[in-house]
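Written below as structure tokens is the structure these notes are about.
By written order: A, B and C. Residues from 1 in each chain.
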Amino acid sequence: MADTLLTLDDVAVHFTVGSSLRGGLKTLRAVDGVTLEVRPGECLGLVGESGCGKSTLALTIMGLVAPSHGRVVLDGDDLGKRSRLETARLVQMVFQDPYASLNPRQTVRRTLADPLRLQGVDKAEVDERVMDMLAKVGLRREHADRYPHEFSGGQRQRIGIARALILRPKLVICDEPVSALDVSIRAQIINLLLELKDEMGLSYIMISHDLGVVEHMSDRVAVMYLGRIVEQGGWQEIFENPRHPYTRALIAAIPDPFNRVGITAKAKAKGEIPSALNMPSGCPFHPRCPLKADRCVAERPMLEAVSPAHYAACHFRDRID
Amino acid sequence: MKLPLKLPRLKGGTSLWVGGALVGLAITVAIAAPLIAHTDPVLDANLMNAEIPPDAEYWFGTDAQGRDIYSRIVYGSRISLTVGVVSQILNSLIGVTLGLTAGYWGGWWDDVVSGLTNLMLAIPSLVFALAIMAILGPGLVSLLVALGLTAWSYSCRVARAQVLSLKSQGYIQAARILGYGDLRIMFTQVLPNVLGPLIVIATLGMGSAILSEAALSFLGLGIRPPFPSWGSMLSEARDQITTAPWLSVFPGLAIFLTVLGLNLLGDGLRDILDPQSKTRRS
Amino acid sequence: MTQPLLKVEDLRIALAGDGVTHNAVENVSFEIGRGEAFGLVGESGCGKSISALAVMGLLKRPLSVASGRIVLDGREIQDASPAEWRNLRGSKIGMIFQEPMTALNPLSPVGRQIAEMFVLHEGAGWTEAMDRAEEALRQVHVPSPERRIKDFPHQLSGGMRQRVMIAIALACGPDLLIADEPTTALDVTVQAEIIDLMRELCAAKGTAILMISHDLGLVANMCRRVAVMYAGRIVESRPADAIFATPSHPYTQGLVDSLPRLGERSRRGRQKLREITGVVPAISSYPSGCRFNPRCPAATEVCREVAPGISPLPDDGLVRCHHHG
């Protein structure tokens, strides 16, 4: 237990959607059997496209959505056993949209101080910690009494980071923390997140569809597709030796400015992501997979080891070149 | 197209200022009533002066008991405004609490609240108020209760809709993650951001409460004579409308101007407070 | 054919505020040859989108073209009447936007919306137009177009809707396709497909592309030439490969260096990303001189006072910086 901070054991989150009157009820398997670990001080990259379940998974880790199946163990104890205030001291989140994620009617000071007061921290210490945190994220003392609309997008994201770190959590979930920011601002935020991680000994779950950012920040990477992890391993294994065709398609989809011939046909995914309501049989990726064979339609591949710390859920994981 | 430039906007406009002036006048009159009234509105009955048309001494004339109409209208503003303000505070408290909790928690509670709201909307609130008044009997307190319990459905609906649209905002989620309790989130995170439209509804509601008071008093269920409320004055003037029209014209005018003022103020506030109507204007 | 298809000359777009008028875009000049893909890159608010809107005649109050010339196929169009613009759009210029859901009519089947183009611009009858709409859907690789033609926009996925938009934009064989952030709302694997589709169709039909995006990598991959805009001006204009290999303007250099690029960590280990300090200025507070000077590591006195002119670079490149040329 000591060397894992977060353990997800076969976690599934199913929602019932639709109406019993019209068309009947359906089960949406947003997260479908995910097993993951995050170790102290580690950054786990979580990659996937819309509808892959990464946001639902984040909410589950945060305790905001109860898993339908499986266990979430955070810092040695079941998540469900802790109160909201206790969980708040362990896990926090940095949001994608720096505009919608700050209360427009609250000063920065109140945004940062209220969570501390809720935890029963005394007034003098609250002030000290708020100022200390502002300095850590690169804001000045006088910023404390301003309202969100007085800040630029990058500064707002710094406030969002300060809010996530004010309770000194152990795990921070970063949900696309730079994709809503101006391109020239992104490097500032990425550098800041990495500095704070080392300085405060944090663990990150870095959710992003930007593979460049994930490669830069992560120690290990998990790739999700339709609610399941299809490949998982160290960053080097994932990016230099990907074993799942979906991972390869994601990497191939990054436009290469030096190679204008287009995406290599072999690695490309065809068509569109199916809805999790209409899960394909067998391997969920088979309708889009360039390597599809009969076996893929019939039999669902399990996540199996390629090398000791590298897993892929593909029947052809050893034969891919 | 997002431009990093804020264009200054015209704030409010005429309706805000005209409405504000009318409402401000009514409030001033109500506060300063003992100073500006000429006579005591109840006790100064003098049958020798009955039904004098407006003149230099009795600006708005006198009624059948010889009381000065002007003074009665001045004092009547206190009752009308009290009815408007107190009943709307009650309505807002009920509506906002139900709306916030229904929108935030959802589930069976939402179903119950939505059902109740629809029920209230389906029955005219005046009929509801009539029923309550019939049980409680006439008087100011029962009037406040009757009007304060029957018109919360609009603020409830709006509060619920606003919560539903805000619930997915990052800062609401962040508050949950930071360990805020549900009630704290509703009242510190959600409410300040939905206050604008609710204030508008309350302002507009004051106007209709004043009208309802007039209607109930007119029917003999509201303020009992000899105390002056604009509605009860109208009610008493019913028989003399052809012989002494000033008896009904001036209370009617007072109601008309105050309600008009509240409605204009409400519209003006909506333009400032509601971002959607702001984009419509620009 | 030496004459360019589209020539924008010294375009200035004014933004009317309360009493003050700001220049949202100024000194913007570029040319696009027939069948050429040209990219306009920059951050939000830099003026790339409104420059494209000007070329489409779609600027709305408080924005307006204040001066400059827009020449399409040898004809000046900056002062065209609304009726002329309507005719140009669709027949000569096609366009696709970031969010296809807002650009499509939610109450009309997609086939009808494509067919409308043939009816409006080519005077075709509805029966013929519907047949051609089906063919157009097939060309953008929409599976089973004979059924999809009856679908409403909300029944299609984001990628499919963008394909429909492309079908509408290219229906009447325009000379120029303007694509404003066409894939920003899409997933990466779908983005790759849409980009391939645009490339393939435009190459087949000889359509030129004006691609607007914040993603330098995407634009450089798709276009032959790229212009980078910052705060209302074009700061650098180069062939696509040169802009990554030898960026000349400090802003372009900053952009190229500040983004983590795939494979970089494997090659060189984790390096701290180079930051561009400061923030993008608002239109109302553009600095004097070179607009990048408050954020520029190489800024000197002259940068703060004098707006830099254009200096030539090899291969028809242009840069707007005092420290070049």
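To be clear about the criterion, a contact is a pair of C-beta atoms (placed from the backbone, for glycine too) under 8 Å apart; a residue touches a chain by one contact, two chains touch by 3 or more.
A quick note: this is a predicted structure, and the numbers were derived from the prediction, not measured.
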Note: chains that touch subunit B and subunit C both are A
Of all other chains, the one whose Cα centre sits farthest from subunit C: B
Whole-angstrom distance, CA centroid of subunit B to CA centroid of subunit C, is 53
Round to the nearest whole Å and give the separation of the Cα centres of subunit A and subunit B. 50
Can you compute the centre-to-centre distance for subunit A and subunit C, using the mean CA position of each chain? Integer Å is fine. 31
Per-residue multi-chain contacts in subunit B, two or more chains: none
Identify all positions of subunit C at which a residue touches two or more other chains, and write them in rising order. 44, 280
Which residues, counting only subunit C, touch subunit A once they are in their complex? 43-44, 143, 157, 159-160, 187-193, 195-196, 199, 214-218, 220-222, 240-241, 243-245, 251, 254-255, 258-266, 270, 272-277, 279-280, 295
Subunit B residues touching subunit A - in the complex, by the definition given at the top: 169-171, 173-181, 184, 188-189, 192-193
Touch list for subunit A against partner subunit C, complex: 49-50, 152, 154-155, 182-188, 190-191, 194, 209, 211-213, 215-217, 235-236, 239-240, 249-260, 262-263, 268-273, 288
Mind listing the subunit A positions that touch subunit B in their complex? 62, 64, 83-85, 87-89, 91-93, 95-97, 100-105, 114-115, 118-119, 160, 163-164, 167
